[in-house]
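Chain lettering (A, B, C, D, E and F) follows the sequence in which the chains are written, and residue indices restart at 1 in each chain.
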């Protein structure tokens, strides 16, 4: 019982791209596009919530390992009655990062819901049409890691560089 | 800019019920039903992950208030190619708890994905058919709060009870 | 040794307003005003970071109590070579919320630093002029709590309202 | 499945007192008494770690409810070959706080171990005699809550007091 | 003052095995064995709580470093009046992981207490016999790290593998 | 949108030193110097709060990467009407650690405020003179990393050492 032992697995550059959609009222989507949402721009708030959640995936999903992430990148596209979020995660790690990408996409979409809920509720305070759907992993990639590759040269240099 | 000010809103008993589905291979669902998943029972792990996530919604979704929850209850039902999770949340609070229920359902489903990912990946390490879908709020209710109602009587009692 | 015991203190509406400044290069401030910062609008990111930090003050400052906050409100004003942040916090609680307001203001300003650091560093990677300064509590107020006042009426109402 | 529903339970003043011991080498205990531990006073560090852990019990122990604590109080006594920690927790809540007291005592003792581990390890880097033992709940009490009792008077007062 | 500086220490494969016991009523242990505990299987819940706690040891024990863990493995054995938990932790790190193993074992046992507390309380709501005891480090090991060893070969391979 | 991608950046030894001041009443500073503060020694509590905050910078400042820190070192000096804190952070990482040092210094100073607030408040409960000021980065350094340098030799050794 417990987390899978990854000892001995190779450190590789791991990338994962996840996406998902939140179905919204066309009027809500229009207001998002015009930046007329009361509490602020839902896409910016969603981006920030997603970055944090992706970084703490190991505390949210019980069997996930602690993986320092090289990047968490969010992108949004807007349809007539939906917003689509994609979340790209990269890390040089011994195990994959698709759970981090999924958590990022998921929390991004849930955050959008929170930002626009006052527009989506009907007169009885219910959400008859709001949905989060089609959360999936678009792509998972593994490559040799550039950081470790460059380090054998790198750490023989005597003068620190400012990068 | 910032969190909505709920000062002056009534403390009511707030309930919210959210649900969602994860689409899985029929073989995966069968193994879940027979409790044959390598890392343990995905539904139990999902339940525990969801309870924690629901309780820390205020740290995951930026504009959410801190709401001490009376309960977080998870239920799962299994179809031929999916698992459905419902998450019921209750609190005596000045604002609603649907975001807590959505976060609970969402993290429950993402946890199930993590538990069965070794069965869902194809030979190229991709997830061609796994999906999280149809996350929604089934019901949101507000009622007078029984705790505050009973307290005027309650705190005049001189002898503590063990409940 | 330990946290001060607040048992028996009155639940009052507690408000605190804190502020502080980050001194920046005039060029940096201009870019903030024109929304030309690479990683996004620093004021929006700062607002979100501050809301989260204020809500988890009890985990950051060892002797602070857990206080569910009614609001965390951030405001920013821009001078020639600085950005000023104010953070207003309200809660119905047995103890004051000035630490929450100070943590909010502080993390807001530190977040702004992070967002513009690529503009503030000199050619040696140092920060010769960037400073966070003058973090203070502008005002601390205590009042009877409207929520508890309205509840004696409130919870005798039989029909739940949707607010 | 999920957290027990506490809706309708009375808000009472809940207190719990837990204790435990860490068995240490007599030389280690002497150095603690003389404040000669390299990383600082283990009892002070343990106190602070325990306060934080007790406050986040609801994130550490899956079925625990979020309970804002009125106090977390640590006390330590030193024997010839042990340190004993007691952790007192109080809250006005619908459910008991013994888990908070146990988590506080437990993390206090584990923190002491960390602070003195360089003295407890033998030449092979092992801990032949260090033990944490006898963690128990000394007392659990329930009483009418003074805060709610005093509030009916309290919130009719028109002038805020500074306490 | 502060955390010990580990700069320059070797990255080695670090392993630590900790254990501890919770003393319970024989009837409680029997119900655990028959999976008749109201809130679910205490051992499964304890496993999940322990994995999370071990991974966030650096936020619980003040002087601990952030160590990405390769595995956290829990095992339980049941006696007539106790449950024993062992927690194995591995990491490729510059410092040891015994605190992580101790935190894991400790939180596992505390979680079991929470799950069975309704069976352990006497008629006055007290715990006359429940105890957590004998938490110790069974073994601490250091070895050359297989991951770094295999990487010099590994990252010259041009084709990513799916492991 | 999202966190900057650090893939391909060199792992270097990164150091950053930040400092800041809290302006206090001379009487308060005297009491700190004589260790007469009610809740304990503010400098010790500040040190511990700062270590935790620095380690979780990636969860506090949205765009910060997860960087396992080699050390967080706090130092304090006392003037007539102020306490100055410096926070030194080191890590072997692909990006700098000045935000970690700033967060550490900032939370250290805010913690001191909390510890002495009962002495700083005037008769109206206000803080007319307390200020946190002059938080800055004193120095940022990059060097080849000793750990990676020593490992090519290190991991060919067959016998584990106990360090």
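Convention: a residue touches a chain if its C-beta (ideal position, glycine included) is under 8 Å from a C-beta of that chain, and two chains touch if they have at least 3 such contacts.
Being a predicted model, the structure only gives us computed values, none of them experimental.
Just to be sure I understand the contacts, which chains border both subunit B and subunit A?
Chains touching both subunit A and subunit B: C, E.
How many degrees of rotation carry the C-alpha atoms of subunit A onto those of subunit D, rounded to the nearest 5?
Subunit A sits rotated relative to subunit D by 180 degrees.
By the contact definition above, name the pair with the higher C-beta contact count: C-F or A-C.
Contact tally favours C-F.
Looking at CA centres, what chain is most distant from subunit F?
B
Using mean C-alpha positions as chain centres, tell me how far subunit E is from subunit F in Å, no decimals.
29
From the C-alpha centre of subunit D to that of subunit F, how far is it in Å?
26
What parts of subunit C, by residue number, touch at least two of the other chains?
In subunit C, 1, 4, 40, 44-45, 47-49, 52, 62-63, 66, 68, 125, 142, 162 touch at least two other chains.
What kind of graph do the touching chains make: line, ring, star, complete, other?
Drawn as a graph, the chains match no named shape, so other.
If two chains touch, include that pair; go through all of them.
Pairs of chains that touch one another: A-B, A-C, A-E, A-F, B-C, B-D, B-E, C-D, C-F, D-E, D-F, E-F.
Help me check something: in the complex, which residues belonging to subunit F touch subunit A?
1-12, 58-59, 62-63, 65-68, 94, 141-145, 148-149
State the interface residues of subunit E toward subunit D in the complex, per the touch definition above.
1, 4, 20, 39-40, 45, 48-49, 52-53, 60-64, 96, 98-99, 102-103, 106-107, 110-111, 113-115, 117, 125-127, 130-137, 139-140, 142
Quick check on the complex: what are the subunit B residues that touch subunit D?
Subunit B residues touching subunit D: 13, 43-44, 47-48, 51-52, 55-56, 66, 68-76, 88, 90, 92, 146-147, 150-151, 154-158, 160-163.
Spell out the part of subunit C that touches subunit A in their complex, as residue ranges.
It comes out as residues 40-41, 44-45, 47-49, 52, 123-125, 162.
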